[in-house]
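Each in structure tokens, the structures are laid out below.
In the two complexes below, chain A is the common chain; its partner is chain B in one and chain C in the other.
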Partner chain A sequence: MRQYPRWPIHLILLVVSALMLIPFVWVLKTSLSGENIFSYPPSLLPRDPHLFFYVDVWYTIPFFRYLVNSAVVSAIVVAANIVFNSMAGYALTRNFPAKRAMILLFLSCMMIPFQVTIIPAYLITKKMALLNSYLGMALPVCSTIICIFVFKASFEAIPKSLIDAARIDGLPEWRIVLRILLPLSKSAIATNVILAFIWSWNNFLWPLVIIRDQEMQTLPLGLSRFLTVVEDTTGALYAFCIMVLLPGLILFLLAQKEFIAGLTTGAAKG
Partner chain B sequence: MAFANLDFFKRDRTRQLFLIWFFLAPSLIIFTLYRIIPLCWNGILSFQFWSPFGESKFAGLHHYEEMFFFDEVFWQVLGNTVLLMASAPIGIALALLIAILVDTRIRGRNVYRTIVFMSYPVMTVAVGIIWQWLYNEKVGLINYVLISLGIIEKGIPFLGHFGLALPCVILASIWQVIGFYMIILLTGLQNIEPALYEVAAVDGAGSWMRFWKITLPLLKPLLFLCFVIGIINSFTSFDLIFVMTQGGPAHATDLLITRIYTVAFKLSKFDYAAAMTVANFLFFLGLTLLANKLSGGEAGAVETER
Partner chain C sequence: MVWLRNRYLLTLGSIALLVGVWNIYVALNNDGIIAGRAVTADQQPVGGATVILSERSLLVAVPKGRATTNEKGEFRFTGHALHRLYLEAHKEGVGRMPPKEFRLYFKGQNLSIEKPLVLAESR
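And now, the complex of A and B:
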């Protein structure tokens, strides 16, 4: 193939990157300095950065409480997702009557966005007396169909002879899953951890519907509440934003390789 | 002896079946409880007069009649939802361009990929706050840039403007989801055999030709997958609207989902909101099936939920 000059590609990608990054940089800058674009001449770097707004957020609102709530819900969701999805994913690799029907059922459940079930889901949660609780927030997202299929694809990629050998050695099924299949499915696990964490950490509508108690609010609820009580130009709001989006970003940056690998096998074989 | 063996085999088989269903049970229970039952319940609720406090009564098509013939807001929010959906191809086209560029062998392509994808894992509520501020009339970055360039004289209240509010929200939503589209399309590009391009190049096909005849057809399933995700997004983007505009001004940015939330949980008209949900779901289902059919039946198999 002919070689093209590289610089136009770099130019376009640099512009795109700038468009993607500038909002982040600006928020970070404002959170560190409080100076808005009123400051002349405007600069990309904060002059005189300080952490006042972060301390401010920590003490003026129950930030720690929100953080604990978010962390507990996300921990439940991530743990439940790994266990339930790998179990279901393994079951779907086996042959059993009604297997096709089950796969069809799962696929059609995927066509029901959670948002369109919100009213009955609220009423059901109320009937189970789970309003205002961690479990109530976590339960609807404790298993996700796409991740079941990611696990299924990953398990199917493991040589069958390995599983048969273990079976002949008399290993019970659950130990086959635990000792052989899961350790060989690291990228599926990483994908599931990241997706489950991001979805539960960022989840807004569901907690908004079922949480009445301020004590039980999670970070997104706290953030949107904070927006209504403060002037939307103060540094504190943006410090809050940074504190809320850092965990998701860090987790993603640490595990992005496995994440993309897992997503690819899932998408290619799903 | 043979019988004993068969018996043993049978018992073993039963035990395995039990195990399989035991493994499936948790996920099945969750999906039944939070997907299947709610869907049916929505249907029932939409034919009833029902409130959290009173008795339920059969309503027939009353809610649907009100929705289709007397509720102007419903048509307005439906139109907004369709507009948001129609903007998906723009985002997908941009994502495709970026994906092709970061698929070339240039330096730092991994850095570019990471940067473009970075907006996806960010909390949508925070994205809403950031963009609300970028659009701010007095201190927003966008107005600042436009004024500095001399394009406008004084700040435009983007999100308070009836005609501009929705495009502005759509732009923010494209900004957030574009990295996700890019990753999906990139996996597709990497699965295309390089030999195909080489053969085509030998046969004298230009790069434009190669794009139309090789890249696009082979990416078709994934492009439709992206479109399905776009459809889902247009029905589920609640957070962004709630934070940025609360559906205003005058329902200019209200979507079906935000309207359903308001009607159910603010106005306590659960029955009417259920009817809207049913309409929403059927509309969504119809579109997805259509997209699925157009893509040759492959979008449904790999689509993502959010």
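And now, the complex of A and C:
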């Protein structure tokens, strides 16, 4: 079989990667120099870079408070997603009446945008007296259907004999999930952590609807508040974007190996 | 010691270390001291000049302090809590320097101004 040289593919991939990185480089460059995209002559590297726009962001709004709020909500969402999604994922690997109908129901629910259900979600949260609270902010994203299917695929890839052996040894179902399945599904857990974290971290609409106190606002809400406070926004706005992006980016880069493995688990299954 | 090579621990530990070092640096350098000199266009020290420290909001400049230079032209502010400040200086018969912006990395950072404030006759 003839071997084709690989360098053209690598070259194309390099060019495409560079093109995809341009917006990020532009945001980073603007946050360091305040140069507008229209500045002439255009340059790839920032002229006279400094970190003062980051300082402006830190002091103009209560950034640390927003950071803590976002972190608390994301921690609740991540923990809840691992617990609820793993239980739901395990249930879907078992046989029970109307299992197919349940899976179809889940799949069809994925097609309903959150904006459609926001009024009932608000009314339920209000009845539970969770408006203006961390738990209220976390509630609608405490379980996500995509992540349930990630766990389902991961659990199905584990040999049935392990579960049967555990059952013969007398382990209850919840301990089978906790002791056998979860330790063997690290990639699915990493996928859940990353997706839940990013969805929660970037969530704007739901916190906007249920939060009333400025002290309870999260970073995306802080961004909209920041735009109303700062007049000359270009550099500081981009610095804010970098500061909001950074935690998610670090988390993704740290767990990307497990994340990719989690998304592809079961993909090659017949 | 394998756990020391864990990338989560290394990354988060490095961030924590960086934050700790930065906070120590801030704690040691946040006395809010601004020191500098005022000179004429030919670099002669200006004694008795008034230096005004101010902060600017969207619309107005808010004065935060006022100091007078000594015979060597030196001035000093203490206890400011600003991260973006403006200094202007003037002396009757010598001239004035329009507000000049200084940006700091944290509130109350000590600032030693290398280039002196130059007072010149306004045209």
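Assume the second predicted complex is superposed on the first by the 230 of 270 C-alpha atoms of A that agree within 3 Å, B and C clash if a C-alpha of one lies under 4 Å from a C-alpha of the other, contacts with A are read in each partner's own complex, and residues count from 1 in each chain.
Assume a residue touches a chain if its C-beta (ideal position, glycine included) is under 8 Å from a C-beta of that chain, and two chains touch if they have at least 3 such contacts.
From a predicted model like this one, the values you see are computed outputs, not experimental measurements.
A.B. asks: Overlaying the two complexes on chain A, which is it for chain B and chain C: clash or fit?
C.D. replies: On the shared chain A, the partners fit.
A.B. asks: Regarding the shared-chain residue A:256, is it in contact with chain B (first), chain C (second), both, or neither?
C.D. replies: first
A.B. asks: Contacts for A:118 in the overlay, against chain B (first) and chain C (second): which applies, first, second, both or neither?
C.D. replies: After superposing on A, A:118 lies in contact with chain B but is clear of chain C.
A.B. asks: Report for A:220: first if it touches chain B alone, second if chain C alone, otherwise both or neither.
C.D. replies: Once the two structures are laid over each other on A, A:220 reaches chain B alone.
A.B. asks: Quick check on the superposed pair: does A:75 touch chain B, chain C, both, or neither? Answer first, second, both or neither.
C.D. replies: Neither chain B nor chain C is touched by A:75.
A.B. asks: Using only C-alpha centres after the superposition, what angle do chain B and chain C make about chain A, to the nearest 10 degrees?
C.D. replies: Given the fit on chain A C-alpha atoms, the answer is 120 degrees.
A.B. asks: After superposing on the shared chain, does chain C or chain B touch more chain A residues?
C.D. replies: Touching more of chain A: B.
A.B. asks: Now for A:51: first (chain B), second (chain C), both, or neither, which partner does it touch?
C.D. replies: second
A.B. asks: According to the stated criteria, A:245 is in contact with first (chain B), second (chain C), both, or neither; which is it?
C.D. replies: first
A.B. asks: After the superposition, what is the least C-alpha distance between chain B and chain C in whole angstrom?
C.D. replies: Value for chain B versus chain C, nearest C-alpha atoms: 19 Å.
A.B. asks: Could you tell me which stretches of chain A are touched by chain B in one complex and by chain C in the other?
C.D. replies: none
A.B. asks: Under the stated contact criterion, what part of chain A meets chain C in this complex?
C.D. replies: 50-52, 55-56, 59, 231, 250, 254
A.B. asks: Write out the stretch or stretches of chain B touching chain A in their complex.
C.D. replies: 16-17, 19-21, 23-24, 26-28, 30-31, 33-39, 41-42, 45, 97-98, 101-102, 104, 106-107, 112, 114-119, 121-126, 129-134, 136, 139, 141, 144, 175, 179, 183-184, 187, 191, 197-198, 201, 222, 225, 232, 235-236, 238-239, 242-243, 257, 260-261, 264-265, 270, 273-274, 277, 280-281, 284-285, 288, 300-306
A.B. asks: What residues on chain A touch chain B, complex-wise?
C.D. replies: The touching residues are 1, 6, 9-10, 12-13, 16-17, 19-24, 26-27, 36-38, 42, 80, 83-85, 87-88, 90-92, 94, 96, 102, 105-107, 109-124, 139-140, 142-146, 148, 173-174, 194, 198-199, 201-202, 204-205, 208-209, 219-220, 223-224, 227, 232-233, 237-238, 241, 244-245, 248-249, 251-253, 256, 260, 263-264, 266-268, 270.
A.B. asks: For a test of understanding, state which residues of chain C touch chain A in their complex under the given definition.
C.D. replies: Chain C reaches chain A through residues 7-8, 11, 15, 58, 83-84, 103-107.
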